[in-house]
Every structure is written in C-alpha cells, then in structure tokens.
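Shared between the two complexes below is chain A, which has chain B as its partner in the first and chain C in the second.
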Partner chain A sequence: MFFHWLEKNPFFFAAGISIVISFAGLLEIVPNFAEAARPLVDLKPRTVLQLAGKNVYKKDNCISCHSQMIRPFKSETDRYGAYSLSGEYVYDRPFLWGSKRTGPDLHRVGNYRTTDWHENHMWDPPAIVPGSIMPAYKHQFTNLADIETAYAEAVTVKNAFNTPYGPEFKGTRAAWEAHKPKVLEEAKRIADDMKNKDIKEAVARGEVPEVVALIAYLNSLK
Partner chain B sequence: MQANAALEYDYSLAKKFTFLTILFGFLGMLVGTIIAAQMAFPELNYLLGEYGTFSRLRPIHTNTVVFGFTVSAIFATWFYVGQRVLKVSMAESRFLMVIGNIQFWLYFIGALLATISLLFGISSSKEYAQYEWPFDIVVVIVWVLWGFNIMGLIGIRREKALYISVWYYLACFLGISMLYLFNNMAIPTYFATEGLGNIFHSVSMYSGTNDALVQWWYGHNAVAFGFTVPIVAMIYYFLPKESGQAIYSYKLSLLSFWGLMFVYLWAGSHHLLWSTVPDWMQTMGSAFSIVLILPSWGSAINMLLTMKGEWNQVTENPLIKFMVLASTFYMLSTIEGPIQAIKSVNAIAHFTDWIPGHVHDGVLGWVVFMVMASIFHMAPRMFKREIYSRKLMEVQFWLQTTAVVLYFTSMWIAGITQGMMWRAVDEYGNLMYSFIDTVTVLHPYYTIRALSGVMYLTGFLMFAYNIYKTMTAGRELSEEPQFRTPMA
Partner chain C sequence: MNALTIKALAFAAILIIATIAVVTSLDIDIMGDFVYAVTMGGAIAIAVITAFVTTKYINQMKTDTPSGDLADENWDGIGEYENELPSGWAYAFLATFLWSMWYGFLGYPTNAYSQIGEYNEEVLAYNEKFESLHKNADAATLLEMGESIYLVQCAPCHGNTGDGLSGKAQDFTGRMTKEQVLYVINNGSNQLGYPMGMMPPGMAAGKDAEDIATYVAGGMQGEKPASFAACASCHGEDGKGMNGMAPNLAQYDDTLMTLVLEKGKKGVIGTMPSFKDRLTPVQQKAMTVYIQSLSN
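Up next is the complex of A and B:
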C-alpha cells in the first residue's frame, strides 16, 4: 500500500508534507499581491516625523489594545468614520491592523482628536476618559524619538519598493543632516500646540520627544 | 548489537529541555497572570516604569509561552520520543549529540536575549513574530540544527517504518520553517543605508493588506504547527505508552494527518474577516475552518477510542486523566474556532475577549496539560525514580481544570457582552454606548480571569515542585516501568 511505502521513505514523506502544506499559500496569498499593492489616488507616504511616531507606536506596542481597521458595519462607521480601504495601507510596513480592541479603533483618530487631547491623554488617560484602564505613557515625554532611524526607513522603502519619497532622500549621512531641519520644523509645529514646557524646550533645542512624534503619527491617521 | 537487545537511550538532552520547559512555562505564565491582573487593576501597570506597562509585557507573555515553553517542550519530547520510536540511541552518534548541545545553548541564550529585547521595545510589532531580525536569525539557526537532528536520527534508525509521532514532528519542523522564513522577511534599515539609525530596525518586505495576509497565514499556522501538530505527536506516543492500549485506528490517523496538513493552511484568512482582504479569500478561510473540524476531531476521537474498554484507568491513573482532559479540550477548542470563523459570528467575536478566551481553552486545557502529562511520564524513566506525589498531582489537576473553566467562561461572557454593546442602537438608530461603557462593564470578568490565572500558575508551581522532588527524593526504580507511570 502506498502509505506503508511512504512511511518507510522519509525523503518522500517529507517532500509529500511540503507539497501538501504549500498549496494554500500559493493559491490563496500569491494571486492577491499585485492587486493589493495599489495605492489610493493622492495617497502620500508618511513624513519622517510620522514614521518616527509609528515606530514609537510599535515600540510601546499600542497594537496590543488598538486596531486600525474599521469594518463595513454601520455601528463601526458611526463610531469611527468611513470603513477602511485596502489602498490606504499600501505604504504601511508592517500593517498595524491589530486583533484586539481593548481600546477603540484608531484608523481615523486624526479626524476627531487633537494634539492637545493626545498630550493630556498620554500623560494620564483616566483624567481624560474616566474609567479608562489604559496606562499612562509619561516616559514618552522624556524619551527621545529616533528620527534618524525613521529617515533610514524612508530611504530603505524608497530604494527597495519605490515608495514615492523625493529625490533628496539618499542613504548618506550628509543627506540626513540636510533633511533633519525639516523634521525639526514639523516637530515644532506639533509642540506649538502643546502645553508642556519641557517638550517645547526640548524641541527648541533640536530634540524630538517620543510623544511629539507619536502625536504627529496619530494626527496623520485619517 | 543484537537486534533484540534492549537499547540504552541517552536522555541528557531531553532532561535539559525539560528544565527549560518548566522555567519558560513559569515565566510565561507569571507574566500572563500579571497582565491579566493589569486589565482588572490598571494601577499594576506602574511597577516597573516604562518596562511594566501592559503593552510592553503582552508580547513577552505570548513569545515566552510560544517560543520558550512550547518549543522547549517540543524539543524535550523529541529527544525522548525520537530515539524510542526509531529504535536508536542518541549516544550512538557523537555528531548528533554535539549538534543537539549546540542547539540547546544557542536556543537558551537566544531566547533570553530575545525576551530582553522585547522588554526594551525592540519589536517588529507583528503578532507572535515580534523578534527583530538578529533574533530571527538565531531562531532559524536553532531550528535548522533541530532539523539536522531529526533527519540524522531518522538516517541511522533501526525501525524502518516511521511511527505516527514522527510524522507530526517532521511536519512541525517543515511547517514552522516555511512559515517563519516567509513571514519574517525584512530589510534592516541600517544596512540599506550608510549605517544610519538603529541597527536592530528593519522594514517588512510586505505592506498593508499583503502583509496582513502573510502575517495571518503565519499567525494561524504557527498555532497549527506549534500548538497542534507537535502536541498531537506527543499524545500519539504517550497515551498508548501510559495506558498499554494500541492506537484505535491506523486509517483514522492517516486521514487526520494528511487532512490536517492540507486544510489547516487555508484557514489563516479567518483572522481577517470583514477586513480589506478580498472577499473570496475570507470565504475560503471560513469554509476551510469548518472543514478543519474533521481532521482535528479525527485525532481527538482516535485518542478517546484508544481508551475503549479501559475507561477505569481514568479513575486509577491521574496521568490518563490529564491526557483525556487534554483531548477533550482539543475538541472543544477545535469546534469553537470554526464557530468563530463563521462570518456573522465573527462580526461580533472579532476584536473582543472571546478570542483570548478561545486561545486559552486551547493552550491551557490542551497544550499545557499534554506537555505536563508528557513530562510526568518521562520523568521516572529519565531520572529512574518514582513520581514523588500522586496526591499533589490530583490537587493540581482539579485546581488547573477549574482555572481553565473560569478563564474561558469569563472571557466568553466578556467578549459577547462587548461585541453586542459595540453594535447596540437605540430606537432612533443611534449608538447606545460610548466606548468606555463597554470597557468598564468588563471589570468583573477581568477580575475572574486574573484569579483563574493565579490558580493556574499555582497549579504549575505544584507541577514544578513535584518534578523537582521526583528528581531528588522519589523512590529509586531498579528497572524502567513498562506502561503505567509509578507514583507514590
């Protein structure tokens, strides 16, 4: 019998397993790749400051409790805004849809929350939303965001995946030093809307606290 | 060596990985209990400053139980079962022993460093694949070394036909290799530029919807090939060995094995129902999830029928009780999953606590119970001593069983409550509850869940203590027990 023979021939057995388990990936995942990689018209990749904020979002693993995926139900569009489209995520590496909503969805949080709101909320969530079980993220007010890494990320995705960043994005230190003032300028616009004196001073010194980058990212979620 | 002479098996690697299983099991469950308590009592987020928040600790919990506890248990049982079903001792090959020891130390050090990296927030933020690229490379090397060991031992085997457990270990090796490699494809930004920024940072090769598809093809099947396949390998070996009963049906084993291999991979997209993944893939994910009941229940039924005519053993031998309960939870979990994968049910269940509830009746009831039963069976044979205390084992069994029931019932209620409240509308069609209402209402269930965590962790400590005492103070055995594990 075929199976008795197979069980005495480990090479063919292993080959058999490999073939059988590969089917699904080939038929289900691969065909979608080209299609799902098309951006919405006018979709822009995130700025370096926003990317740095996304990396703060990853570092503190906000994905543990927040989704970025509005499903096509009236109860969700009423609560969070228009349902999510595939073309909106094309520049997201990795995707940050999440799988659990211990807190609300954030895919369009930039439409209905402000810099000021986030500043107070990240400092002490239950003070803004009574009953909230979200921890305070005070360390984001003192830790500095890694804007250089964010710049390296922008250059990498531009070179590897043709993400439309401008010609000035090059992987050299000189190019980064030339771009840095733009990042600080954007950070200053965020800090102008904040109250915390230490944050304002840090940004004036040319530093970007994590919370500033994070707010830039959250504001870009629309 | 004469064909019928008894082999002297070498258990040194099985012992080492058994210690790691217990160590990582304790750490993973401890962190799990802490984060469960944080959801009920948020003040507990501030014990360790920035390193103690729920969000930082959660990946440590998941990765320590997956890549620490479960993978150690897979290695531990392989280095025990592999030799015995292939009728060849590890001691016969110096090469395999050396490879095995390198695998052990690399794995131990790698797992510790990777855990620390997560504590510092060095994370790719892809669920169950958070390790950044340097740690991914360590994982791959460890896995390949294990592959060498499997293939090597098969290469020098005396028993020509591969026993069912070996099929599953092989599948575990091949499946995880494929999934882990493809999902973790990333470009380190430091090397893609002139050394700009953080050396650990990388960007995923896939973006948006594509990334989601690959991630959940991985995430779902890491469960398949980490939490199902190798655990089935364990029960196919340890249940017949412990009970003295032959496997009920060879044909059912065949059907379940090849069925599981083919069907499982398709079901990953049920994690992405109602998302921006194309509709046909969502439907495929749903449909194949339902089909998946067949091979899953096939194995479980095969196990339960193996006990046919010998059910008295459940009352006489606590180890049989552990294994029968494990198969039963496997059945519960593999009917619950397909129910959640039905699109209309998923609309309520997704994003709620019903999902962690489902995961935990599977892992706490099936995986951990089966792993503990395996170690209880192996210990007297590895250490040549009787199990230290049967009474402790009984107490542990009931404590942990109660804990699992409390866990999933509280999370079922919490999940369905929250899912229904999110969509509830008043007579004018306006949403009835603000989001925070749907959080505060869960407090009692979160408290019950935290309590169940404390109970389960206590049971696990009893298990660890029992094994420790077995090693050091159990009555010595003059010869290896044949079937039923001796216990005081």
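Up next is the complex of A and C:
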C-alpha cells in the first residue's frame, strides 16, 4: 500500500505533511486576505509631491520612532482617530507601519495637525511640544525634494501594479515636463500656508524643499 | 472488604488528613468559603474514589484468568481478545463527533471572535458609562475633565498653559490680538456659519480700524471708539455677538467653541483642523469651561 512506502521515506512524508497543512492554511488565510487587501472605496494613490514627501519620511527615518498603524483599542482611537484598515495601505509601497512608538502614531496626523504646525515643529520640536526629544530637521528647509524620482516611482507602480494614476503618467521626459507644473502648484499651496520666506521664494523659483513635500505627505495621512 | 482495600483507604485517609492539616496551618477557614469547601470536597472524593478503583483493578489483576475469543491477528505472538468497545468510551467519541459538527458549521461561524467586535462593544459600554456618569457633572468635574482633554488634544499646538506658544497658535489667555482683529477687518471672515452670515472685508479702514483693533484687543475696556458702531450692528454693543448671532469678541462662549471645534479655523496665525466627532457633547462642554477659565 502507498502509506507503507510513505512511512519508509521520511522526506516525502514530511513534504506530504507540509502540503496538507499549507492547503488548510491557504483555504483559511487567502480568502480573508484577498478581501481585506482591496483598496477602500475612493482611495486615491498619493500625488507626486506626496510621494516625494514619503521618500523624505523614509530617508530621514521617521519610521524608527513613529508608527502608522492605529490599533482597535479605545485608548488609541481616542488619541489618534479611527483604527486603521488594511485597505488603506494598498497603494503604499512599502507601507510604513513601523514597530516602535518613541513618538506618536502618524497614520491620521493630517486630521489634527496643519501645515503651519508642521513648519514650526520640524524647525524646533521642543519649542512646540515641551519635553519632546525629537530632533530638529532644519536641513529639510534647505535640501530639495526629488520630485523627478517620485514621478518615476508613480509611473513604475502604475505600469507594474496597475496603481490608478491617470493616463498622463508616462515614462517620458515630455510627460514629466507636462506634469511638473501640477506638482509645483501643489507645493505652492503648501508654501502659501507657511511663514518661512526662503521656502516661499524657493517654491516660486520652481524648487521644492524637502519640508514642503514632507508636509504634503503628512497632510495626506488621514 | 479485603486487606488491600483497608490499606488503600488508610492511605487515602492519611492524604486527606495531611491536606487538611496543611490548609489549616495556612490559616484558611475551609468551611468559611463556598469555593474552598467545594474544592476540599472534590479532593476527598478523588482520594476515596482512587483508593477503590485502584484496589478493584489490582484485585482483578491478581485473580482474573483469560477468557473469551481471541482476535485473528496477533503481534509477535501477543494476541487480543475480541472485547466490546467500552460504552463510555464510545459515547464520549460520539459526543465529540457531534460537537465538532456543531462547532464547525454553527458554533464558530455564528459566534467567531472578532477584534473589531470586541472594540465596538468596549467603546459602546464605555461611552454609555461615561455619559451616565457625567450627565449632571458639576463645574469642578468639568474643569478637571476639560484640562485633561486640553492637554491631550489642544496643548500640542496651543501650549500647556494655553498661551499659544508666542504667536504660533491662538492665545487663550486673551480673546484676540490687535493683529488678528486687523486681519479680520481687512480680509473679512465667513468660516463658521453664524446666522449673521459673512463679514465683508473693509468694514473699517485706516485709523478707524486701528482704533477698533486696540479696543477689541484690550478686552473691550476703556473708551469705546465711535467707529465700533460698524461692528456693533452684528457683534452687539458689548461685542458679545448678540446671543450667538455673530462671533463673540469678548469671550470664548459655547457657540464659538462648538463652531470652531466643528469646522476648524483659518486665520492670520495659521490653520486649525476640525475636531468634529472627536469629542462627546459632555467633553465639548468641559472644553468650553476650561478654555473660559484660562482667560479669566
């Protein structure tokens, strides 16, 4: 009989057990996963400026102190807002859940902080939040955000994963030049709410300081 | 009753007495508590039943002789009698089987644990308790509640003392600064949806605007400038907004607090986001009480 052969060949026996168990796992996990991983209705992918800000967020390693994942506990939803749903992260590649909260969670920071607050806070955190141990990020006011790479990223995820960016997102120089004014316009809206003269001038010149992109990204976290 | 049974019962009795001795030496009153009494009863029952069951089987091993039909197969010469399946074992198996059917098709699908479900129940229960507890909260409770909400929700922008961190946010120790009044006079305002409607820009200009700004920023103290008449038609002679028809220029009243928390505000300092649905009605009342206490 077949099982006699199986009992004498531990390797194939182990392989068989793995297949049986994985099949059960597949049956239980995959349907849930597929359902929960769908984008929420009306979820839009991040704009190019917000993507550039997300790259600043990654570069300056905000994730090592801030999470982006509100768990369904009353203590958390009281402070940070509604609990996070997996469908909110589908266009985040990679998602930035984080695993450590030295600072507060940021998943809905766009609901309760505004551009001018971020401007003051990134310049000198302890002046805004007494006792804060967050360092100042003054270099973000002079370094320029890489909006071109952010655009390339948008085109790439559109082509590779069908992320719903519009038909004007194409991998050509001309398409980028056509899209760039939109990015600058969004940056100008952020800069209009800021007080720093240098930032306003830089944006008027067609440059995007990192802090502008970062604020656009943080404001989009809702 | 043979000698073995007596020995086993004696052993059980020693165990029971030792247990009672140890428990009593720990100053535990066995009969004083229902659970203690049941536990001790259980322990005695286990000891006595074990004594009888063990003796039964030891006696059986000593006296029994093999009987009955042997099964066909044997294992290296060791055979097996064709005994009936023990009925207790068979019923237990059947019960397990039925239970697994119920659990698999009914029990689990209709009563599965859900983290979100637990969260919803927790929040619902808490909110009900909170509302009933603070339905008629007195002023001191509201003030304390307002302060704790303020420190979590408001202090990150307005500062722990409510001073607005030197002009980075609204300063709650006063109502409006001269700069703010001038900004509203020059730009108008239509954000909060008061019944009076929009305030058009340029209601006053030049020296008049300066005078009004100084007067309002000074907390409506001193001589009222003649140009304030332009404001008084909506905000009232005393600047208190005619009972919620227009913004109160003198105090943070209920209407102003409710509208700003709901809609947010954009002014010369910057933008405040909306706090709609983040506070319960009681909490909002507490906020008003606390903010008013800061300017007094």
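Here, the second predicted complex is superposed on the first by the 185 of 222 C-alpha atoms of A that agree within 3 Å, B and C clash if a C-alpha of one lies under 4 Å from a C-alpha of the other, contacts with A are read in each partner's own complex, and residues count from 1 in each chain.
Here is the rule we go by: contacts are C-beta pairs under 8 Å (C-beta built on N, C-alpha and C of every residue); 3 or more make two chains touch, one makes a residue touch a chain.
Every value quoted in this text rests on a predicted model; they were computed, and no experiment measured them.
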Touching partner for A:Arg79 - first (chain B), second (chain C), both, neither: both
Per-residue touch tally on chain A - higher for chain B or for chain C: B
Contacts of A:Thr114 with chain B and chain C, given as first, second, both or neither: second
Contacts of A:Asn162 with chain B and chain C, given as first, second, both or neither: neither
First (chain B), second (chain C), both or neither touched by A:Asp193: second
Partner chain(s) touched by A:Ser67 [first = chain B, second = chain C, both, neither]: first
Contacts of A:Pro130 with chain B and chain C, given as first, second, both or neither: both
Residues of chain A that lie at the interface with chain B and also at the interface with chain C: 72-73, 79, 129-130
Residue numbers on chain A that touch chain B, as the complex places them: 3-4, 7-8, 10, 13-14, 17-18, 20-25, 28-29, 32-33, 35-37, 55, 57-65, 67, 69, 71-73, 75-76, 78-79, 84-86, 88-104, 126, 129-137, 139, 143, 146, 148-153, 155-157, 159-161, 171-173, 176
Residue ranges of chain C touching chain A (in the complex, touch as defined): 115-116, 118-119, 122-123, 126, 152-153, 156-157, 159-160, 165, 168-169, 269-273, 275, 278
Chain A - residues contacting chain C, complex: 72-74, 77, 79, 81, 83, 111-117, 120, 127-130, 193
Sites on chain B touched by chain A in the complex: 38-39, 42, 45-46, 49-50, 53-56, 58-59, 121-127, 130, 151, 154, 160-162, 167, 170-171, 174-175, 178, 182, 187, 189-190, 192-194, 196-198, 201, 203-204, 206-215, 217, 254, 258, 261-262, 264-266, 268-269, 271-272, 274-278, 281, 284, 288, 347, 350-352, 355-356, 422-425, 430-431, 435-436, 439-440
